[in-house]
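Data first, discussion second: the structure below is written as structure tokens.
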Amino acid sequence: MYRVVKIEEIIDEAKDIKTFKFRDSSSPLPGQFYMVWLPGIDEFPMSISHIGVMKGFTVKKIGAGTSAMHALNPGDKLWIRGPYGRGFEIVDGTALVVGGGSGMATLAPLIESLPEPDVIIAARTADELLFTNRFKNANVHLATDDGSAGFKGFATQLAAKMLDEKKYEMIYTCGPEPMLLGMVELARRYDVKIQASLERLMKCGIGICDSCSINGYRVCVDGPVFSEELFSMDELGRVRRGPSGKKM
Amino acid sequence: MLSVSVNGIQFRNPLILASGILDESGATMLRIARAGAGGIVTKSVGAKERAGYGNPVVYELPHERGIINAIGLANPGIDAYGEELRIALQGGVPIIGSVFGSTAEEFAALAKKMEEYGVHAVELNLSCPHASGYGMEVGVDKKLVREIVSAVKSEVQVPVWAKLTPNTHDLRGIAAAAEDADAFVLINTVRGMAIDINARRPVLSNAYGGLSGPCIKPVGVRAVYEIAREFDTPIIGVGGITTGEDAIEYMMAGASAVQIGTAILYRGINAFREIAGEIESWLIENGIEKVSELVGMAQVR
Amino acid sequence: MLSVSVNGIQFRNPLILASGILDESGATMLRIARAGAGGIVTKSVGAKERAGYGNPVVYELPHERGIINAIGLANPGIDAYGEELRIALQGGVPIIGSVFGSTAEEFAALAKKMEEYGVHAVELNLSCPHASGYGMEVGVDKKLVREIVSAVKSEVQVPVWAKLTPNTHDLRGIAAAAEDADAFVLINTVRGMAIDINARRPVLSNAYGGLSGPCIKPVGVRAVYEIAREFDTPIIGVGGITTGEDAIEYMMAGASAVQIGTAILYRGINAFREIAGEIESWLIENGIEKVSELVGMAQVR
Amino acid sequence: MYRVVKIEEIIDEAKDIKTFKFRDSSSPLPGQFYMVWLPGIDEFPMSISHIGVMKGFTVKKIGAGTSAMHALNPGDKLWIRGPYGRGFEIVDGTALVVGGGSGMATLAPLIESLPEPDVIIAARTADELLFTNRFKNANVHLATDDGSAGFKGFATQLAAKMLDEKKYEMIYTCGPEPMLLGMVELARRYDVKIQASLERLMKCGIGICDSCSINGYRVCVDGPVFSEELFSMDELGRVRRGPSGKKM
């Protein structure tokens, strides 16, 4: 059963990244996602990037599905089901939030729910940085691989520096798997708790098809946000499965 | 109390994971085994890697009635599957390797590979309702069914289970064609579809899919009851089992064990442990000592 | 906005009472006509009076999933039925006379009688899933189906509708055998059963019955979509229609009109008026002027 | 879906009439009924004769099904579904309740819900009279065809006498159809409102099979208690249908 929502506004956020605003009566938690169907084209998972009455998906153009979505206009419709999955668990104490690329879309409503988090917004280059001006309540640090804005280097390198300087209660992170793997290493090294939101190829979105699984955990239902489990996931950042289920 | 034996294979309880649900990767199957399943049927595996259909591949009916799926027999191919089975077998419960093909030779070769990988039985998918050239398209051709079953039987030592389609007016005839099988698995999904009226098109990218879940339980129970009356072959019941009572219903109809798929959507992977608990409570309340006493109990002659 | 025409028969709305539900007595049919039905199919009537099976004849599935029935073709016999039709025809909506038999001659004679009683069309029950010697036992024999349809066609002037079974792997073949019919009615109930585990026996006195209601909608929509792709014959969709959206879904799949049965259990006899209202609202919201524009709209070629 | 209830007590009420007591969590209204299934034997409709926590069916032995029920013992089980149908609507004002034979089973919980009704309990002969000592709140009059107890004659004759003497707001009645037809005539003649509970052959009990219909009204859903409709029912007391639906 899909709900049809109307796109009320489209915002250009960064290179190849747009936010689609719509109204919907569901009540997602930060870190949860929806399956978005474009009839006749494709269906794919999208994290909620704006919660509240006016909701939003922030979408990076990747392939056919997301390109078709980028071609939509206000007034066009989206078919959605969800919210699905386990979102972030908000815990008291100092928080370090590390987002890489479109991973910031997933983290944004979390950041707005935390009291005064330290946030790293990372991307390869300046024009791919997402939500640099969005957060009033956070200490935002930028990082780019090429140094075109903020810290020059990987998000993990900046994170290591900040972990050296301050004791954090929790790391929240979302982004490319190599970055996540790096953050899990840091969490282990600095003995900090961590929650990371993972992305895997999804077919059903409801926990029955096994296509999104990593080390026996279904990203769509057991995740997308994982915590303790991350330390034992030897497939993280190493093994992916294609649509056939074959390891790549 | 709950252990059953089918073709000499011991299951600690009669609740087996159905093919195609959470059984693509070895790690997931291992997790299901640890979550209490009595046994596990693998995803149906073919000779070659297959990506399956594009999304949407699943449509959820409202009110927990069930789902319609057209995954499209996505699978990594038999060669890549040994690695998954190696991991799954660590779970210590019987693993049944499901295979699909379009000729007797193909089935026989796949079954042989499965046996080499160490499965306890093979299940022949003669019943997927939405893949052209496979599944029920093969499974309603009685001559071909007979050939496939006999080719597989002469190729492997492990028991051979034939999974049959309910989408036919000749279930008895098909079962008779598959009579060399060591067990019948009844039923696969019921061919169906859903249209999204706002999108003005079918939801599934393949249009047609297979209906599973609570909706099809009456069809599955009927198939088991009907076939149990006419054949001595053990039957594995499947279709819509979501509670201990559902499992008992299937066993009373004539099933020696059951498989569970869509219920995981509603109850999570703890479904196995919970349903086993429900069966046990019912048996105790009703003064029945072994779950196997239920088999065929509701048959009226 | 809601009126449709099938074989030149005008219906004020596309919602026709399905055979076997509240259409045994003329007074009840009259009441249904006054409650807003676009048309009425009578109970399936045979050559002789038939009491049907003993109770229980109906099993209600939980959560409004549907029902399983084995009424057993109870009917007063064609001779007594003229009196009922005389009353039903006062409702001013088209009446379709449903008949069942086991030979072409029997069908032709029954259809002839129905025509004499003044029905607007006859419907051939080739699909009841639980009566031995009738219904789907007849309806899966393609040669017999061809004979029956052709015998009836040469006996009566009124349009002849062939009601087909979904309990087959060869729906297209059966539809082809019935190609002389003026319309196909899809679907009759899906063969199923229920066991009461506390009673340790099937609930229905006949054990097997036909599943109807929301559960079977995906099967019916699929059948309509499948047949609409291959035949130009008008289709009447039936199976699980409970809301305006359900009716629209069937029409988008390819149905020119629909029939409603089990929904009356959930919504009462006002179902017709309410569902018509729901369709109308949807059409207005979506800027569609005539319900007939929906027919086949979701077909992807 | 059937519920299984255990027979806790069986009471001999009159000739061929027994009450079966059981516990069940449903909340029936007076006049509603259940479908009672004896697996392997038959299923038939039964009015509720005792409401409250401990419920009851009061059953007259008629044929195979009710005979099998009479052969049951405390501890045996009944399979039931319901409550079904439209029960009595209790209205203010003076009430005349007229019950014939096992029709009293249906009326009993109604009588107990009325303030101070006048009640006629009628039967062919004394030992068939039901519930003669049950009602503390009612003015009970007996009538037997043979005069073996109370008024000698038909219930309708006694009712006519009482209607002559007193102005009633409502007649409630249940019993053989000829009696009901007589009561409807009286209601018309004396211009009193009437509610009558009808019995017809029932198959489904849920309003889809048409086997219980009378003049287009389904006794199982539109009834069993009817009021205004009674005056236009020309089949009442005249036409019945057998299991084939054929008029008898």
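Going in written order, the chains are labelled A, B, C and D, and every chain counts its residues from 1.
Keep in mind that, in the parts below, contacts are C-beta pairs under 8 Å (C-beta built on N, C-alpha and C of every residue); 3 or more make two chains touch, one makes a residue touch a chain.
Just so it is clear, the structure is predicted and the values come from calculations on it, not from any experiment.
> Starting at chain A, what is the smallest number of hops through touching chains needed to reach chain C?
Graph distance in the chain contact network comes out at 2.
> If you take the chains that touch chain A and keep only those that also touch chain B, what is left?
Joint contacts: the list comes back empty.
> Counting in whole Å, what is the centre-to-centre distance of chain B and chain C, each centre being its mean C-alpha position?
Each chain's C-alpha centroid was found; their separation is 33 Å.
> Using mean CA coordinates as chain centres, what's the gap between chain B and chain D in Å?
Computed value for the inter-centroid distance: 51 Å.
> Which integer distance in Å separates the CA centroid of chain A from that of chain D?
67
> Go ahead and note the Å separation of the Cα centroids belonging to chain C and chain D.
Centres of chain C and chain D (C-alpha means) sit 36 Å apart.
> Touching at least two other chains at once: which residues of chain B meet that condition?
In chain B, residues 61, 200-201, 300 touch at least two other chains, as defined above.
> For chain D, which residues are shared contacts with two or more other chains?
Only 40 qualify.
> Among line, ring, star, complete and other, which best matches the way these chains touch?
line
> Spell out all pairs of chains that touch, sorted by label.
Final set of chain pairs in contact is A-B, B-C, C-D.
> Quick one: which bits of chain A touch chain B in the complex? Just the residue numbers, please.
Against chain B, chain A makes touches at 1-2, 4, 35, 37, 39-40, 42-44, 77, 79, 81, 203-211, 213, 215-218, 221, 235, 241-247.
> Write out the stretch or stretches of chain C touching chain D in their complex.
Chain C reaches chain D through residues 20-25, 27-28, 30-31, 43, 49-52, 54-62, 67, 69, 71, 74-77, 80, 83, 196, 198-201, 203, 261-262, 264-265, 268.
> Could you list, by residue number, the parts of chain B that touch chain C in their complex?
Answer in residue numbers: 61, 63-65, 68, 136, 140, 165, 167-170, 190-195, 197, 200-202, 207-208, 211, 214-216, 218-219, 221-222, 225-226, 245, 248-249, 252-253, 282, 297-298, 300.
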